[in-house]
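What follows are several structures.
Both complexes below contain chain A, partnered by chain B and then by chain C.
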Partner chain A sequence: MTAETLATGVGQRARHRFGSADPSLLVLAATSILLVLLIGLPVGWLAYYALTDRAGAATFGNFITLATDPAFTEPLATTLILCVSVAVAAATVASPIAWLIARTDLPARRTIRALMTASFVTPPFLGAIAWEILAAPNSGILNQLWRGLTSSPDPLLDIYSLPGLIFVIACYTTPYVFVLVANALDRIPADLEDAAGILGASRWRTTITVTIPLVVPAILAGALIAFLQAMTLFGSPAILALPAGFHTVTTKIYSFFHFPPKPQLAAAAALPLLVITIMLLVAQARVLGRRGYTVIGGKSGDPRRLALGRFRTPALILVLCVLSLPLMLPYAALLKASVSSFPGAPFTAEHLTWRHINFVFVEFSQTKKAFWNTLVLAVGTATLGTMLALVISYLTARRAVPGSRFLEFLATAPVAIPGIVLGVGLFLAYTRPPLALYGTLWILLLAFLTIELPVAFQQLRSSFHAVHPELEEASRILGAGRLKTLARITAPLLKSGVVAAWCFIFIGVVRELSAAIMLFTANTKVLSVVIYDLNESGDLGAIAVLGTVMLLITFAVVGFANWISGVGSGVRLRGG
Partner chain B sequence: MRMRSLISPIVALLALVGIAHAQPAPISITPDLIAAAKKEGRVAWYTSVDVKVAEQLAKAFETKYPGIKVQVERSGAERIFQRIGQEYSSRIYTVDVVDSSDAAHFVYYKREDMLQPVVPEDVAKHFAPAYKDPDGMHAAWRINLSVIAYNTQQVKPEDAPKSFADLLDPKWSGKIVKAHPSYSGTILTSTFQISRDLGWQYFEKLAQQRIMQVQSAVDPPNKVAAGERAVMADGNEYNAALLRSQKAPIEIVYPAEGAPLVIGPAGVMKRAPNQNAAKLFYTWLFTVEGQQMLLDVALLRSAHPGVKEPPGRKPLSEIKVMKDDAAEVDKQAEEIKARYTRLFKT
Partner chain C sequence: MTHLELRGLTKRYDGVAVVDGIDLSVPRGNLVCLLGPSGCGKTTTLRLVAGFVAPNGGEVRVNGQALSSDGYATPPEQRRMSMIFQSYALWPHMTVAANVAYGLTLRGMPKIEAGRRVAEMLGAVKLGAFADRYPGELSGGQQQRAALARALIVEPEILLLDEPLSNLDAALREEMRFEIRRLHDAYRYTTVYVTHDQAEAMTTADLIVVMNQGRIEQAGSAEEVYNRPRSAFVAAFLGGANILSGRAVDAARLDIGPAVLRCAEPSFVPGGEASLSIRYHEVRVHAEGGASDNRLPARVIRQTFLGSLRDLALELADGTMIRASAPPDLVMPPDARVWVDLPSERCRPLPS
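Then we have the complex of A and B:
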C-alpha cells in the first residue's frame, strides 16, 4: 500500500521535473519502503503487545497494572531524577570546557578535543565497570587511597548509589554536549562580537552578553541528548543500580523477561519512554524554532580568542581533571585490573598475574566468536547504514522525491526509541514467520541499523548542505542517472562526511548493549553481551582484558578510517 | 509424504509409551559412540557453573576426545532458563546438554517434554535414587551449598556470624553482600529453603540491613574476598573455597540452621542438534573422571560415591543441610521472585 501511494506520487511529480522514465526512482521508493518497515514493524508489534492481554484480547490492563504497581512507578520516578540530573551535570561541565577550547587561548586545545572524542568511543557499560573498580565503597582503589591518607572509616565515594550512577552516566554523556557546543561556538561569526566590541563592551562582557546567548540552543540540544542517553542506557544502571538496591525503567523492562516472560508488560513499560522522548523532541523543535538563531551557520571570519592570561595554567589543569574522570582514571583502572590478581590488589610484583589474559585468549571459548561477530556486525552495519543514510540524506537535502519530509522524520525517529525498547520490538517482530530472524546475526544487524541511522543521517545531511547541487546537475546534463551521479559525483565530494558517518556507526555498534542483550543467542553473542555476562559473576579481571582489547580495536579502526579519508583530501569541497 | 505424516505420530506415540514403562538402558562410552560424536564434531553446553570451571572441564573433554569442540554458554541459571525458553519458542535448537543450579528447571523441562532419557552407566550403577530421575531424564551432576562467609581481615573468627539469625544483628548493617534469586538458581533454591524453614520474616528483617545486591551466586565470594563487603549472606560454597585455596582472605561458615542444599542436575535435550556428542559429553560428565574434576578443579561436591574428597575439607555428611525440594521450588518460583523483589526493591 505504502509502496503504491509513494510510487504514484513519485511518478506524477517526477514526470515534470526529471522526464518520465528514471529507473532510480524505483530504488528511491524501495528505500522509503525499507525505512517504513525497519521502524514500523517493531514499533507496531510493541504497540500491539502493549494493548493486548496474554490471550490476545484488547485491553488497557497492562498500563493499569504498571501505573498502580510501585515496583514500576518507583523506577520511573528514579529514572526521571536520573535523566534531569545527568542533563544538568553534563551541560554544566561541558559548556565551559567547550568555550575554553573554542574561544580562548587555552594550551593543548587540539589534544583536548581529541581526548573528548576518545571518551565518546568508550562504551558506557565499560566505564561503569571501571568505576566499580575505582570507587566501590570498600574495595575501590580511590577509596582505599582515601582511607590510607585520612584513616577515615567512611568511603570517599560510593559508586553503588543514585549519585554514583548519575556521575558515571554524566561522564560519558558530557562529550555529546561538548561536541555540539564547541561546534556552535566555532561557527559564531566574529563580526557580532566585533560589533559589541566597537560599542564599547569589554571582552568578558561580550562573551557573557553575546557569545554565550548565541550557543544556548546548542547547550539545550546537548542537554536533551544527555537526558535521552541517561533514559535509554541499560548497561550502566544494570551494573550499578542493582547493588545499590534500585531499578531504572530499562532494568525493569529487562526484568520483565525473567521467566516466565511478560512481553505485554515490557511493551507497555516501553511506551512511556517513547512518549517522553517524542515530547522532548517536539518541545526542542518549538523552543529553537521560535528563536531562530539563523546567524549560526554563516561564517565570516575567524573566531576571536580570549586571552586567559594568568588563568591559562589553572584552566588547563581544571580541564585535565575533568577529562581524567571519563578517561585517564577508568583506563588506568582497567589496565591495572587486567594484570592484578584482584582489582583492588596492591600494585606489587606478587599480585601481578597473566591469569586474566591467559583466560581470555586461551581458555575462554567465547572470545574469538564474540570478537568476530562484533566486527562483522560493526563493519556490516556501518557500511549498510552509511549507504542508506547517504540515499536518504540525498533525497531529503535535494528534495528529490515528494514526501521527503516524511523520510526525514522516519530516519530521525529511531532517536526516540530506546535500545532496549527496540530490542523488545524487534524480538516480537522477528521471532515469527515470515521473517524469523531471531537466532541469526541479521536481527542484530537490523537493530543496530535502526539505532544508528539517525546519527549517520544527521551527519550526512549537514554534509550535503555544503555541496552545491550544480556539480550534480552537470553530471545529470551529461546523461548520468540519479544513482550514478550520487555514486560518482556526490559521494566522493562528501568523503569526509561519509567516513565520519561510517565511524559513528562503527563505534555505536561496538558499544551497543541494550538491544543486543534482548536479541543475542548462543551463536550470535557480541562483545558487549559477553562482558555483561562476565560482570554478572564479577569476573572483573577478564572484563578488563576484553574491554581493553575492544577499545584498542575501536581506536585502530577509527584511526584507519580517518587515515584513509585523509589521503588525498586536499580538494576543497565547494561547488561555488 | 502423506504416508510419512501419518506414520510419524504413531511412531512418536509408540516411543512415548515405551519410555513411560521401561527404565532406559544405561549407556557407556563405546568406540561407536565416540566415532558418531566425532562426526558431529561439537557439543553446545549451557551451564551455570563458574565460567572458569566450565572452560576447564570443556578443555579436559576436548583433550580426551580430540575433534569434538565444546561450546560453553555460561550465564546465571535463571538467565540460561530464560534463554532456552526464548530460543525454543522461536524454534532455535542450539543447546545439547544443559545443567542448572535450580533443580526446579528440570521439573519444568521434563514436564514440557524437552529432555530425552539418557542414563550414563555410572549413574545407573552408583548414584543413589535421590540423585537421579526415575525416568532417566536427568541426574545430579553437581552438589553445592549456599553458605555464609566472611572476610578474615575485616572480621575476627569469634565475631563472625554463626547462623542466619546472627546476620540480622545491626552490627552487620551495610556490610552484607548477597546474590539475587532472579538471576541465580542457587539463590532461588536457597531462598525457597530458608523461607520454608525460617519464614519470610527472616528476609523481611534482612532487607533492613542495607545489603549490597549482586546477581550470580558466584559473585558474593568475590566481593567478600576483595573486601568490598565483610560478610556474605548467601553464595556458592565452592567459589568461597576456591578463593580460600588461592589465599584470599575469606572463611566459610556453615550456618547453624543448616546450609541450603543445592543439587544441580544435568540432562540432554530432546532436540539436541548433536545427539551423539551430547550423549558422549553427558556420559563423560558423570564418570569418576568427570566427577572427580568437579571436586579437584571446582571444589564442588559429587553424588558419585567413587570420588575422593579433597584433603582437609568437611565432608557433606558432617554438615547440617536444609532439605532440597525441587517440585516445590517449581511451584513457588514466580511467587518467590515477586516477593523478593518487593522486599529488596531489586
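Then we have the complex of A and C:
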C-alpha cells in the first residue's frame, strides 16, 4: 500500500467516524457544558470572592473577620438554634399525623392528605406574612381577640420573636416530613407486619417493633429537609426576625449587600451554608443507604389499618387543629385582610372594602409588571428546565454517554446550594462582561433554572426508570436517532412525569424569594419581591390580595397537574 | 455469499471479556441461532451487531463494509436492521397499526402506501382484526406477532431476535417457533436469533452457534452439533450427555477405570488423557447379562417416571455416575444391580 492510498483510507475512515456521527451528540455536549457553566460559574465566583480581598489578593481575612465579629457569629448561633428546633418540631408533629393517615381508620384521610399538600405549596414568606396579620403584638387578629376576651393589656402572642419564627417555619416544613413518612408507611408491605402477627405480636406491638423502625430513616430524612429549609429560608426570617431586631445567616448575607456592599463578606458567609448543606446531604445518604428504601419497596396488598375506636374523633380534631396552623388560620387571615379596611378590623359591613383590590390591580403600577415578569419566568423556566431535565435524566438513566454520573451529580448539586447563596454567586458572576446579565430577566431565569433543576431531574429520572430501555432501542433499530426517539417514544411515555416536572418548576418559581431578592432590579421585580417590598412598607391589605392571587395560580397549576397525571395513568393502564 | 460477518469481535466490561474474539460468517438469507446458557455472551453479541454497544476489538461487517470496529459503532438507526426484543418493546401509547407503521413513516413512505403495507403485514401475522388495539389489550402471543410484524415490515437488511419466545407459555412457544420459521421461509431476511432453548434453535436455525463464556464452542447444522459435539460443553448443553474421562489405551479405546470403552471412530492419542460423550437415551440398561465389550455393571441410585421415558441415575463400580433414559415400562427399584450397555458407535470421542 502506498502512502497515498493509506492516507485516503484514513480519510475515509475519519469521514466514516465523524461524518455519520448523529447530531444528538452535539446536544449532549451542549447540555453538559451548559450544566457545568450553570453551576460552576456562580459557585466558582463565590469561592473566588470568599478567598480574596478588595484588591483581589488571596486571603482568609474574610473568614477571620466573620468568625471574630459577633454581628455574624450571633446570627450563626441563632440559625443553628432555629434549625434544630424546626427539625425537631416538624418531625414530632408530622410523624404521628403521617401514621394516623397511613395506618389507622382516621376519618377524612384523603382530605387531610390533600390539605397537607396544600400547605406544602404555600410560599413560606406568605405564611409568615399571614401570621404577622394574625399574631403581630399590637394589630394581630388573635391578639385583639385575646384582649377583647380578657381585657388584658398584654398580647397573647408575639410573632416577632425567635419562638415565633421557629413556629412559622415549622408550620411550613412539617409537610415535607409528613409526605416522606406517609409514603414510607404506604410502602411497607403488609407481609412484614403479618409476619410479626403470625408470630404472636399484637397490633400495637407490631406497630412499635416493626412498622415504626422501618420508617425511622424517612423521619430522619424529613427532619433533615426541615433543618435545611430552616437554614436556607430568607423570607420568613426577614419578615419576622428583622423587626424583632435579630438576624439569621441569610438575612445577614442580604445585609452585606446594603450600602456599602461587601461582596467578599457575603461570599464568605455563604460558603458555610453550602458546606453544612453538603455535609448533611452526605450524612442523609449514609443513613438512608444503610437500611434503604429498598426494604420498603416490596409489592403488597392494602396496608393494615389500626382501628382507633373511641379515639377516632379526638384524633381527627387534633389533626385538624394542627392543620389550621399552616392553613385555615393564615388563609382566613389573608382573605379577611384583602377585603377589610385594616387587618384587625371587626368583620362588619362598614369595614368591608374594595380598596386593596382596587389598589393592587388599578393604582399600583408594579402589579402588572410583576405579574408579567413572574409569568414569563415561570413558563420559561418550567419549559427550559423540563427540557434540560429530560435530556439529563435520559443521559443518566440510560448511561448514554461516558461521564453520565458526573452529569447526575451536577443536576442534583443545586440541592446543596441555598437560594440566597446562589443569588450571591449569580450576582458576582453576571455583573461583569462578557455576560452582564444583572438587571435583566435572564439572570433570574438562570437562578430559577438552577434552583429548580434537581426537583425536575429527580422526578423525570424516576419516570425514566419505569420506561423499559428496549422501548427506545426498538425505535432506534428501526431508524430513528436518539433525539427523534426521545421526542416520539420516550417523551409521550413520560407524559405525566414531564407535566409534573413542569408544574413543580412553575410553582417553585412563583414562590421563590431568596435568590430573587438578591438579583432583582426595578424593572425585573417578580411577585414575591413585590410582596416582600409591600411588607417593608406595612401594606398588609395589598399583600393579602397579591398573596391570594398567587395561591390561586399555584392551586390551579396543582389541579392541572393532578388532572393530567390522571389522564396519563389512563394511557398507562391501557398500555398494560 | 457472506452477508454478515463478525471478525474477532470482542467486548469487555470492566476488563472482563463478555464476548471474546468471535468469528462468524452468515450467508445471505440464512437464519443463525446463537445458543448458550445465560451469561455466555450471546445477547451482547447481538447488541454488538445491532450497534447498541461498540466493541473493544474486532469488527462487524455487513456486505463487506465495517459497521463496528474497535471503540466505534455506526448508530443502530443507520444500520437498516430491525430487532425483536425479549420484552417485545411494543410502544404502549400507540395502537398495533401505529407500532407497525412506525418504521415505514421514518423511511418517509406516503401514508396511503404505508397503510396498505401495514394491513398486508398484519394479515401475514394473523393480526388483521387487532390493528386498532393497544398493545396492553393483546395476549402474549399476539404481542409477539405484532413485534414480528413491526420488525419485518421495514424489509430489514438483517433481522435480530433476542430471546423472543422466553415470555410465552410452553404451548404458545412451540407454536411460535414454527411461526418464526414459516415467516423466515416467506421473507428470507438474514436473521440472527438468540436463545437458550435448544428446541427453539433446532426448529428455526439453518446454522446453530453454541456459545459459552464469550466464545463459540461449535457452529454447524442442528444435526452436526447434536450428533458430533466437539466439546463436553456442547454435548452436555444440547440434549444432555454423559461425559466419561480416562486415559486412551489406543486410538479407539478409552480406559475410564471400571472398564475400557471402545469407540467406533478412532481418534484418541494413545496414552493421553481423553474423554467421550454418550447421550442419555443411547445408554441401554439391562436387568441381566454379563460383562462384554462396552457393557459394565452398575447400581440404580434413583429412578423417575417422566411419562414417555424413565430417567435413571446409575453408579458404576468406581462411583462414576451415568444417566440413562430407559423405556417407561422398565421398572428398576433403587439399589437394583443392572448392566449398562454403552454402544461403541454411540461413544463419541471429544477433542481434547
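The rule is short, and it goes like this: the second predicted complex is superposed on the first by the 537 of 576 C-alpha atoms of A that agree within 3 Å, B and C clash if a C-alpha of one lies under 4 Å from a C-alpha of the other, contacts with A are read in each partner's own complex, and residues count from 1 in each chain.
Quick note on the criterion: a residue touches a chain if its C-beta (ideal position, glycine included) is under 8 Å from a C-beta of that chain, and two chains touch if they have at least 3 such contacts.
Here the structure is a predicted model, which is why all the values come from computation and not from measurement.
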Superposed model, chain A: greater residue contact from chain B or chain C
B
Have a look at where A:481 lands relative to chain B and chain C in the superposition and call it first, second, both or neither.
second
Touched partner set for A:492, first chain B, second chain C, both or neither:
second
In the overlaid three-chain picture, which partner chain does A:258 touch, first (chain B) or second (chain C), both, or neither?
first
Check the residue A:473 against both partner chains and state whether it touches chain B (first), chain C (second), both, or neither.
second
Please name which positions on chain C make contact with chain A in the complex.
50, 52, 72, 74-83, 85-87, 89-93, 102-103, 106-107, 134-137, 150-151, 154, 160
Chain A contacts chain B in the complex at 71, 74, 136-139, 160, 241-247, 255, 257-261, 341-344, 359, 363-366, 427, 431-432, 436, 438-439, 521-523, 533-534, 536-540
Chain A residues touching chain C - in the complex, by the definition given at the top
16-17, 20, 22, 468, 470-471, 473-482, 484, 489, 492-493, 571-576
If we count contacts the way the header does, which residues on chain B are in touch with chain A in the complex?
44, 46, 50-52, 55-56, 58-59, 70-76, 78-79, 81-83, 85-87, 89-92, 94-95, 180, 182-183, 210-216, 218-219, 222-223, 225-229, 246, 248, 333-334, 337, 341-342, 344-346
